[in-house]
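Next up: the structures, one after another.
Two complexes are shown next, each including chain A; its partner changes from chain B in the first to chain C in the second.
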Partner chain A sequence: MKKVFLIGLKDLKIRSRDFNAFIMILLMPLILIFVLGLVFQPLYSSKPFIIETAVVNLDNDYISDILIDDVLKSEELSKFINLVFLNDENELKDSIEKGKYAAGIVINENFTKNIVSGKEDKILILADPEQTTKSGVIKNILDTFVLEVLKRSVALDITSKTLIKENLIKQEDLNTLIYQWSNDIENIKSKIGVKLVNEKGEETRGIVAMDYYAVGIGVMYLLFAANSGTESIFEEKRKGTYQRLSIMPVKENSIFSGKVFGIFLLTLTQFILIILITKVFYRVSWGNSFFGLIIMVISSVLCFSGFSIFLASLMKSESQVGSIGSTISMILGFVGGSMWPIFTFPKWLNTISKFTPNRWAIDGFFKLIFENGSVKDIIPHSSILILMTIIFYSIGLTIFRLKEKRGV
Partner chain B sequence: MFRKIISIASNLIRVSFKDKSSILWLFVMPIIWTTLIGAVSSFGSSGSSKIPIAIINSDKGIYGDIYEDVMKNEKDLDIILYSEENFKNVVNMVKETKIASMIYIPENFSDSIINNSDVNITIYKSSSNNSFYIEELVKKITNQIDISSLTGHFVLKNIEKTIILNDLDKKKYFESSFNEALKELTLNNKVSVEYEILSVQKENLILPTGFNATSPGFGVMFVMMGAFFTAVVLAEEREMNILSRLLTTPITKIVVLSGKLLGVFCVTIIQFLFIIFFGQFILGVNWGNSPLSVLLIAISFTLSAVGLGTILSSIVKTSAQASALTILISIVTSMIGGAWWPIEIMPKYLQNIAKFTPQYWAINGFNKIILRGFGLKEIMPNFSILIIYAIVSLLIASIFFRYE
Partner chain C sequence: MNVVETKNLTKFYGNECAVDKINFSIKKGEIFGLLGPNGAGKTTTVSMLSCLIKPTDGDAIICGYSILSKSLDVKKRIGVVPQDIALYPTLTAKENLIFWGQMYGFYGKDLKNRVDKVLEIVSLKDRQNDLIKKYSGGMKRRINIAVGLLASPELLILDEPTVGVDPQSRINILETLKNLNSNGLTILYTSHYMEEVEFLCKTIAIMDLGKIIAFGSLNELRILVGEKDKIIFSTINDIKEDIKYKISKIQEVDKINIFEKSLEVLTLQGRKILPEVTKILWDEGIRVKSVEIKEPDLETLFLSLTGKTLRE
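== the complex of A and B ==
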């Protein structure tokens, strides 16, 4: 037992001095988490980007003036909408095609008159194909504005129609009444609202991109780390140090277990470092349940070490582990939800993802972080991970034994 | 001299294509990656799968049903109805992101509408779901119901100024004006917002996603990786003293280096063309508006990637170091350069940093061709910047390249 321990520790020591391993399994995930967090933070928080918007206003009447002065130039929206005025639709089209503006708004001639007289009309948004997220925001704003306009016209229209039909007012009184009604409607507050809550029924505070990717990328790189450990088994066999160990008074089983223990230690150290560094420097919250976190960390580290042994049993050389191993790590990471939220997946992909250890590890960590979960919430996740560990490890070991017997 | 350059190059190409792991990274991985991410990110655009939304309607009156009907008419949503008893299960489904959100219509919904009192529709959304689309849609529909109710009450109020209505009449007038208003808002749409994306293909996507974004973006990333990986071979050959052995033969350093660079360039451009053809013919990406422009950007980008790869191979000490740095550098610069997501969503300062990566100029050029339908004239700035990038990096590479 002591020998197993010593071999494992020694392997960890060797790897920790290896500059390439340092880049691959520690620096790389930290940089990825940082970049992803930096890029996506504005999307998760309510701090939006600047939207360059051009307006061609051919109407210049009071409804379009309200849109421009009271909505688009309002204190709230002017923080992120940069408004420019152009005179001509062709000029607008031209500059959007060049990518100068994210969106262009065209308000037709007689827009106000048409609406007041109940004729159909529309506001046109021209969008830059490279900036449709931004122009989508403009579309939402205009949709809301149009609803506000419709509110007045629909309410006035239906009220006057009904009252005339019932002979309660006369046609000639309509003009004075409409003026008065418009004022009345301005003062009616909306009664039906929308409340947004998370699954626990709390009002949501918005999630931090850095937290999301710290978990996603952290889990994805567990396999990279474990693979870099298994590579060393092949490397030692190639360089003959493994064989040299076997002439020592150490059992073959102990050597192998020692190596496996080394992989576990390496992966564990990497993950703990990632958790610590992201906690201290990126201010990632890893949840409030310390024991829950420990259970999740150990079960996922065990699972990925097992998976790596299983992979190694199928490979012939360290370079195979390097290339095929990284390919599989990336694909598993993607399918398991490290980069994209699972709910955007088509159903078939969602089903497949449940066969990856990544999915269970990520779900478990999310439970702790975003839902303030405790130990009992993550028991299903860690049990599945442990079950997978046993399966991977026994298959891997069996194949290794078979190979050994055949003298490969 | 040229024959020697070509034979060195063709040797490198042969070695690269024999190596299984380089085939994996050059051809297999880009295909899997582009297809997977493209399939996922088409989500939310027209024509792709619908967004699953659950509704629990505990309202006893008619207005909850009306709300349901309006939701059902949204073509992007796949509405699943659940009864009140399943509340916990559905919340769990939201948590596990099996459905995008749950909409809860409260018990007193109809009563509140009839009595004109405050009421809320609740959206249950998982904390790990960052899409605003559903929220905006539900807000819009709720607004429509709100305006209809406002209209109903407004009509009642004004009728009652002159005559007194009994409860039955009240109900009749309210319902008819509510329905008329809702019809006006949802069907007739007298005032509307028309949204037109100025792209070559006239499909109106909500997000610039799907294969049109992933094919050029990840193409560029994997070509960068491909060029780097192939250049790593140079570091490996230096390690194994193959380069110094070559120098003992009667060929000059410049011939060796040109031969090697030509080889790396050929491998990478073959990879690039493969990715482009795969995108065009299998994924249906519209690469073909201006083949010459595509080729120019592809060549100039590949050249600059080869230059950068060679610089990398001269800096590093061992080939293992080179492979580790290859993945790091190519993924991170591709992310910043806009290969992973549309550049518009990044903060301004990152967008400015992006302009220093060759990926930015390549993707920007491809977007001009694929999305905007532009040709030679418009991509010239991109081409020139990439060529300058290539010349400078190749010059630096040839000055600092070490043979032993």
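== the complex of A and C ==
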């Protein structure tokens, strides 16, 4: 057993002095995490779209109040619409030109009265040409609102005319009744309204791109690191050091186990360094469950070491491990959710990704990071990773032994 | 007492026979030379004796243990210096020796003493903290030997340990081995360099195509060649293969070997046939630069036995 540890430690020492390996398995993932985290942050942020919007409300009547208070300031929309009120249209135009606001809304004087009395009127939207997506969102919201107002206006018109015709109400009471009906509708709406509740609970953390890619790229590069370790088996056979180990009083199983332990140590060291560096320098949160994190790290490292042994058992040389291994690492990275968010996957890809170790590792880490999960929450993920580990090692070792017997 | 005794040692790779029922023994304190050209089966023989590969048939007893049934006991008693420089280039010489020492099962002060001792033997103590990749070819070879000496073995097996080293390093290595042998170490030395084997070995086995074709002390082997001389003609222009036929018509000629610009003739009467061979060469338009008549040596013996040179 002692010799197994010594062989593993020797391999770790050799890799730690290999500048190419340092770039490949540590520097590259750190750069990728930084770049992807920075570039894609707006797609992941919990406040992805802060639309700076200015309003000039010259109406100040009940329809414009509904638009502002119940729509634009609603709980959902206020998360990404930042409203500012201005006094006149010219000031609004100047501000838009300066790029201060993505969109400006001008509600004309007597807008409510005009709509209620069936006259034509419009809400003006001023858009910053450099922020068309954001101003487009505002336009969509207002379109929906105007359509709703029109529907109600038509319904009101038909209803009031019918009621007057049938002498159920009087013309002079109509204005008072309209306000009353509007309030009634709002009351009913508040009773049957839809409320968006985050299924993860109020305490969950929004997805941060840097955190996402620290996990995604970190997991993807586990296989790169493991492959780098596996290459050393072929390298040692080519250079004769493996044969020299075989003529020492060391059991054949101990030599192979030592090499596997070296792969595990290398992969573990790489992942721990990525976790520490991203935590200190990139401010990545790795969750609040220390033991959960340890379990996920060890089960992921074991799984990818095993997968690397399995891959190597199918190959004939270190260059094959390098080239084919890297390609497979990239494919697993793409399919397993390392490169883009799993929640954007179509159903078929989502199903396929569940056959990759990347997916289970990433999901487990996300439980800890974004859902404040505990050890209990990641048990399914770590169990599947350990199961995969057993399968990969068993197949890999069997093939390696068969090859040894055949002298390949 | 025999340190090594092989019994019909055989190795097949598929249908190809690499080593064919070889039998030899090595006495304690002896330097035994296994001589033969590349592909003769020397490395396969050494690999079997080192317990790296299993023989297809036969066995060998080393230090009283069978390589088949007691390989771990054999491994503890032998030191092996492979043909490859089997060292880790990004570790220092000392780190390499410590690692290999640990693989032999030595730790702590014992290991440190052993590392110091072998570094002194190969005269590289002052460079022990340098990375192996910064060493010259000769220095790497010396550390390669040092690893083989770590376990204070009863038998040191060296497989072509001087391949690719400069003459000075070669002399250094050979003298180191002589010194080790004078202190009682038994050595099995394989090479295709005839001079090295002649310089080092008391007993020699000559291998070709997986078989031992001659075995004995240097003197015994010289007797096998008899009084045959080797005449070496160095020429200015290339020699064509068809000249072999014309020279072989001379009755006293035993063997002929042709290279690009030299011709080797094995004969019992060197001085008698010299003018005749020179005339044939002259008639064929081949200009002779120099002629040398060499006394019988292992090279001559090999040529005599196989019709080819060791370096072919």
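For the reader, a short list of remarks on this structure follows.
Definition applied: the second predicted complex is superposed on the first by the 247 of 408 C-alpha atoms of A that agree within 3 Å, B and C clash if a C-alpha of one lies under 4 Å from a C-alpha of the other, contacts with A are read in each partner's own complex, and residues count from 1 in each chain.
To be clear about the criterion, a residue touches a chain if its C-beta (ideal position, glycine included) is under 8 Å from a C-beta of that chain, and two chains touch if they have at least 3 such contacts.
Note that the structure is a prediction, hence the values are computed from the model and not measured.
Comparing chain B with chain C, more residues of chain A are touched by B.
With both structures placed on the common chain, the touch criterion links A:Phe291 to neither chain B nor chain C. When the shared chain is aligned, chain C comes close enough to touch A:Lys3, but chain B does not. Contact with chain C, but none with chain B, is seen for A:Leu245 once the two complexes are overlaid on the shared chain.
In the superposition on chain A, A:Phe370 makes contact with chain B only, not with chain C. Look at A:Lys13: by the touch rule set out above, it reaches chain C but stays clear of chain B. Those residues of chain A lying in contact with chain C across their complex are 3, 6-7, 10, 13-14, 17-18, 239-241, 243-251, 407. Interface residues of chain C facing chain A in the complex, by the touch rule stated above, are 13, 50-53, 72, 75-76, 78, 80, 82-88, 90-91, 95, 99-100, 102-105, 147.
By the touch criterion given at the top, residues 19-21, 23-24, 27-28, 31-32, 35-36, 38-40, 42-44, 49-50, 93, 96-97, 102, 115, 118-136, 139-140, 142-144, 146-147, 149-151, 153-155, 157-159, 162-163, 166, 168, 181, 184-185, 188, 190-199, 201, 204, 207, 212, 319-320, 322-324, 326-327, 330-331, 334-335, 340-347, 349-350, 363, 366, 370-371 of chain A touch chain B in their complex.
Every residue of chain B that touches chain A in the complex is listed here, in rising order: 21, 24-25, 28-29, 32-33, 36-37, 39-41, 43-44, 49, 91-92, 94-100, 112-113, 116-131, 135-136, 138-140, 142-147, 149-151, 154-155, 158-159, 162-163, 173, 176-177, 180-181, 184-185, 190-199, 205-208, 318, 320-321, 323-325, 327-328, 331-332, 335-336, 341-348, 350, 367, 371-372.
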